[in-house]
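So that you can tell them apart, the chains are marked A, B, C and D in the order they are listed, and the count of residues begins at 1 in each.
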Amino acid sequence: MGDVTVNVNNESKKKRSQLHDVWRRFRKSPIAMTGLCVVVFMVLVALFADVIAPSDGRNPGYDIHNLGNRFQAPNAEHIMGTDEFGRDIFARVVHGSRVSLLVGFIVVTFSMTLGVIVGAIAGFFGKVAENILMRFIDVLLSIPPILLAISIAAAMRPGMMSIVLAVGIGALPLYARVMRASVLTVKEQEFIEAAYSIGASKFRIIRKHVLPNCIAPIIVQATMGLAYAILWAAALSFLGIGIQPPTPEWGAMLSEGRMYIRDHWHMVMFPGMAIAIMIFALNMMGDGLRDAFDPRLKK
Amino acid sequence: MHKYILRRLLMMVPVLIGVTFVIFTLTYITEGDPARMLAGIQAPEEQVEQLREQLGLNDPFAVQYFRYITNVARLDFGTSFATGRPVFDEIISRFPTTMHLTAMSIIIAVLIGVPLGILSATKQYSVFDGAATFVGLMGISIPNFWLSLMLILLFGVQLGWLPTSGFDTPSQWILPSFSIGISSAAIIMRMTRSSMLEVLRQDYIRTAKAKGQKGSVIIFRHALKNALIPVITIVGLEIGVLLGGAILTENIFSIAGIGRFMVDAIARRDYPVIQGGVLLLALTFSLVNLIVDVIYAYVDPRIRSQYK
Amino acid sequence: MKKRLIATLMLFAMIAALVAACAQDDSAANGGAGANGGDAVPAVDDHLIVVARGLAVNMHPHEALDMNSAYLLNLVFDPLFRLNYATMEIEYALAESSEMSEDATSLNITLRPGVTFHNGDPVNAEVVRDSLYHTMNSPLVGFLISMVDNIEVNDELNLTINLAAPFAPIRRHLTHSGTAIIHPDTTNDNPIGTGAFIQESIVLDDRVELVANENWWGENAGINRITWRAMPEGTARLIEIETGGAHIAWDVNPSDLPRIEAHDNLNVHRSSSIETHFMAFQCEKAPFNDIRVRHAIAYALDIPLLSYTAYEGTGSPADSFLTPVVVYHHSIAPRAQNLDRARELMAEAGFADGFSTTLEFNSENQIYAQLAVMIASMLREINIDAEILQFEWGAYLDRVLAGEHELMLLSWNTITGDADYGLFDTHHSSGFPFGGNQSFYSNPATDALLEEGRSTLDSARRAEIYRLVQEQAFEAANILNIHHDERLHAAVASVRGFGVNPTGIIDLWNVFFG
Amino acid sequence: MSDILLKIEDLTVHYITDDGTVHAVNDLNLSLNKGETLGLVGETGAGKTTTALSIMGLVPNPPGKVINGEVEFEGEKLFEKSEAELRQVRGNKISMIFQDPMTSLNPIMTVRDQIAEVVLLHENLTAKEAKEKADEMLLKVGIRADRAKEFPHQFSGGMRQRVVIAIALACNPVLLIADEPTTALDVTIQAQVLELMKELKKEFNTAMVMITHDLGIVAEICDNVAIMYAGSVVEQAGKEELFTNPKHPYTIGLFNSIPDIDSDDSVLKPIKGLMPDPTNLPTGCPFHPRCDLAMPQCSEILPKRTEISENHYVKCLLFDGGG
């Protein structure tokens, strides 16, 4: 989560073919490709959750109770076992991917949009705007994210919105910082001066020249940020202030299973593994992307 | 340098004021009336109203905030709604435990992360490097609250080797420190590795080789010192992360530190404690960053000369 | 070659760090993991180690209302009266005798002679009066004796409490730790009471050390010292006594019962409780203002199944708002699940296609999450879509008191053990929006009965009154009682004399090692 | 005993990467006498630096690999030496000056320490003496001793290159390899640094391999010249001979692409085409696709090294008759 390598080398000059190059380099890394495959797989699972673990007509697939069948250890019928209501944990893990990914995407979209705007303004305009914005970012950074998240979540009605804000505001500084650093680097480069010299307006320069050249680090950050968001959303649910039951959320499932950990380890094992694998895959992908955008590090 | 430190200390003031403002606003708009929570569900409204008045909750936002800021300026952090003790005492008595946990974790993280990072970089492309990279990625991917549970399950419950709660004795330090230290170790390892690789590619390493210097001396004298400069930043950031991570860990391992206290305080709407605690954590975080920057300048003469 | 050297060095450093961490581990006092399988920690000098959810929020008895505080306050402070843990009858504590006037408006109390505070100061009528006034003025616990008008000191040991209106169960209210007698210098950090134990030291959030009060007026069976440690997780508390870190685990999870029972060296101590868990309707809000909807939902729920599943077979399905140990409890079996009847009633009320609602509870109670999930699933059978919302306690209180909830889960502790405390606040129309009537239930007949009940001394008449109230409540179905709780504690086998009060309090001075 | 100090025979170095094998140096032959200065000239990517690193035994491995060939220094075969023995040579008997002075110095060590380091390694001196020697070397390259405690970032590029030169000459090497030592410097500074090198070379009586793409520098300080193309030396001769009588079409092309102030002819004649991709060298003579005089067999036969007059070697089929 912490290591952000900002890197805007000469991305500027050759753009189109570069995307192709990035993909070529990305494809070559087995770790990155594994990550991508797992992520794609998870997305497919999320999309087809209702097919994989269908509803019984009245109850959604993740909330079919069978009280005669509680706490089953993993077996042929329930490959991940059942929980305290006899619900199939596999079905819940499958549906949980939907929640985690959805939360993750919304959080990333939210914090990336805001972060990019803040970072771009701070980086490009400098002076007063930068001072104010970056001090604000410092304020957010110096509050432990989990406390910030708990406080934000406590201030709102529980649910998707509170999670998005709680996690998203905590993640905002990451994007703002990356964006500002890239803008500062790009701004110094000669083609920006060239653009000025032919009379381009500030906004045109930001839109046409600065932003496209900051995309690489932001994409990398967003991939890692997705992992970050999923992790924190799970942490909040683990503390009982995230997604509401019976909607399956991996962190919430962990928290439920925690009470039974000694006798029914499978209840914490599988949701935990789902989180770990998801984040692992995203991080592998993020690493691969970073290396692909910045071949200097690999060679 | 002194001037620089002083300037940085002064720059902390607006940030900390910002922190109090953010937290004050958040607690102000948060649902949940501290007076009602203290008095309970069946207390008559007049009685709760009396309590509100007593706690100063009836004043307008600006008045409350201004009062808080002026009190803080006089180092008066108020008294806890719930316990009636001065917030400063409440926090200071729990702070050492949290710092202890954080320090243990960061020591573990550095002791594991830096050597593995160096090894992995000097043996780039070897099986060891591959394995270390993989494990490092895994380390940053495993949620530490899950890792905590698994460690408890394995070492506490199944094997019975280690206690699973408290933080008084060295054996009690191990599980909590490791469960939050591991992800930092992974991050530090990754940073050390990439920074080391970067440095090993530098021309001055070739210069050192051309001098006829030994490989191990090159790694320690020339490469390591240069490579550790960005690692110091990460360690500083990780201390902040660990301070935050301690909040979850303290809850899972029943450690009487500031994190658990803060979570309780948020649940109880104990505003003075929430504000005081966040303020202290933010101050710690800023100070750690300052120390990191000073160390940075100490290690890197290029930066030192900028501060003169 | 050099690389191997580095590797060796690093390995050495890591091992050194670990060894350093483990060194002198054994010198530690508590908390070290014993051998697996649970050898009990030996009782050294009658030193009892208790692991509980938490420490007192406040050790000033008049500034705390939470259960953790109540447990510890009971050891350090004495009220005038106590409840017998087995019979729930009133016993004398600091009072030696008492007499209620026939119109139930005044109470004469004679104090136990020769009692002193921990600091040696004597307890006399004046001190008791001041302490009770202090309670009355406390915003937190004042409600407990808000019916008191004034207190007269008659002589050194006699005083009269005059009530503003007849109030029969006053003595039961004087058993609450909120009315315990304090030394005027008492603070949170320096609790000065008359109790069986003296607070020696405290590590915030972590532990309290108590030593026996040699001069206590009561009988201490044999505990010299108590270490009371905070451990919020039920599982962690159990592991702690299994591995020999403590003698008593205060509150264990129902799901851990089989494990404790199978353990040679551990005993479960169970007792009935004064706590009932229930689901309340916001009866002022549509559609719950329609009794048919409330009845439909009552028929849709399988109360015994809910109780059994969520509480793992402990306690019992609720048969009243009062638990069986509360005086004047009257048992009425819950409506048996009958989905056809439920759908019929829904159709009659015009909700054949159901409706959407919310089911709210306090997020700190994990078992409520289970209840809520099951209830929501049962309601789906009659086309009611209940969205589950967990709130933190503070936010929850706000919503509930403002009547913003629709369906809610909550519990009620009848801490005085008397039906008045259980039913008046929760069923009298003066109890909302503030005061405990979260179902916003209003029935003039019930109101009249409840008012009569608290001013009547005749217990036969009171039994009749509260039977009627409980029947009316059942018919109104403003509240669906789900579960009567059971107190579960675990202790190592050598702990004797362990008696759990339905209020959850354990009088640890009765405990001894055997 | 012969005067030959350094002899490279049939050296072939490849870099094996994901994108293919880079044929950096191919069948390279070169020799250098004691005290002599050899200019190694070629375009960027011709393999000059790799050749220099091969002499030092510092070709980064992986990905670099010496496939074939021999480097003989003072009659000893360097590739047969152990790493420890090689370290005794590096910085001591052979030292090297790198192209970019901005990055060749450790940013967090004082310049004095960086010079003293090499002295300590190879001379039997105490730390104090080594520092004194370092200060002495700094004086020699024109830096005041009171700046010895400063860090590289406090020096300008030219000054830093002086420090690098001081490091290289500190142990009085027999052979100095200078890899484009002035390319990264301003023109005026270039002249100063070159002048300094010339003086010091004379003072220390050091043989030197001057790697450059600048024929002007060659004219100024070299005794012999070797022209490199696509990883091998295509022509080697004495400076006078090569400048007056170049034989290889590539050498001729190089001279033609230098503007000549004396000539009225304002049109340059650059060599057509580009350097071949080192991962995919053309068959036969690697220069043939760009060669005006290419013959059909040029694309098939790799020319051998031929001595066409005394001490003048060419690698071209045009002169390969006797071969």
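Heads up, the rule we're going with is that a contact is a pair of C-beta atoms (placed from the backbone, for glycine too) under 8 Å apart; a residue touches a chain by one contact, two chains touch by 3 or more.
Predicted, not measured: the structure shown is a model, and the values here were computed from it.
A.B. asks: Once the contact rule is applied, which chains count as partners of both chain B and chain D?
C.D. replies: none
A.B. asks: Please indicate the chain closest to the centre of the assembly, with centres calculated from CA atoms only.
C.D. replies: If one averages C-alpha positions chain by chain, the most central is B.
A.B. asks: Could you pull out the chain whose C-alpha mean position is farthest off from that of chain A?
C.D. replies: D
A.B. asks: Is the number of contacting C-beta pairs greater for A-B or for A-C?
C.D. replies: A-B
A.B. asks: I'd like the Å distance between the centres of chain C and chain D, where a centre is the mean of that chain's Cα atoms.
C.D. replies: Each chain reduced to its C-alpha mean, chain C and chain D end up 87 Å apart.
A.B. asks: Starting from the mean Cα coordinates of chain A and chain B, work out the distance between those two points in Å.
C.D. replies: 22
A.B. asks: Mind checking the centre-to-centre distance between chain A and chain D? Centres are C-alpha means, answer in whole Å.
C.D. replies: 51
A.B. asks: Provide the C-alpha centroid distance between chain A and chain C, rounded to the nearest whole angstrom.
C.D. replies: 42
A.B. asks: Identify all positions of chain C at which a residue touches two or more other chains, and write them in rising order.
C.D. replies: If we look for residues of chain C contacting two or more partner chains, we find 364, 391-392, 394-395.
A.B. asks: In chain A, which residues are in touch with two or more of the other chains?
C.D. replies: Residues 154, 258, 261-262 of chain A each touch two or more of the other chains.
A.B. asks: According to the definition already given, which pairs of chains are in contact?
C.D. replies: A-B, A-C, B-C, B-D
A.B. asks: Using the touch definition up top, name the residues of chain A that touch chain C in the complex.
C.D. replies: Per the stated touch rule, the residues are 58-59, 63, 65, 67, 70, 84-85, 154, 157-159, 240-241, 244-246, 255-256, 258-263.
A.B. asks: What does chain B use to touch chain D in their complex?
C.D. replies: 125, 202-204, 206-214, 222, 225-226, 229, 299-302, 305
A.B. asks: Taking the touch rule as given, give the residues of chain C at its contact with chain B in the complex, in rising order.
C.D. replies: Chain C residues touching chain B: 2-3, 5-7, 9-10, 13-14, 17, 20-25, 28-33, 35-37, 57-58, 60, 63, 65, 139-140, 142-143, 146, 187-189, 203-206, 229-233, 236, 239-240, 243, 245, 364, 391-401, 425, 431, 434-436, 438.
A.B. asks: Write out the stretch or stretches of chain C touching chain A in their complex.
C.D. replies: Within the complex, chain C touches chain A at residues 234-235, 253, 255-256, 259, 305, 309, 363-364, 366, 369-370, 372-374, 376-377, 380-381, 387-392, 394-395.
A.B. asks: Which of the residues in chain D come into contact with chain B in the complex?
C.D. replies: Within the complex, chain D touches chain B at residues 56, 58, 62, 86-92, 95-96, 98, 100, 103-109, 117-118, 121-122, 151, 153-154, 164, 167.
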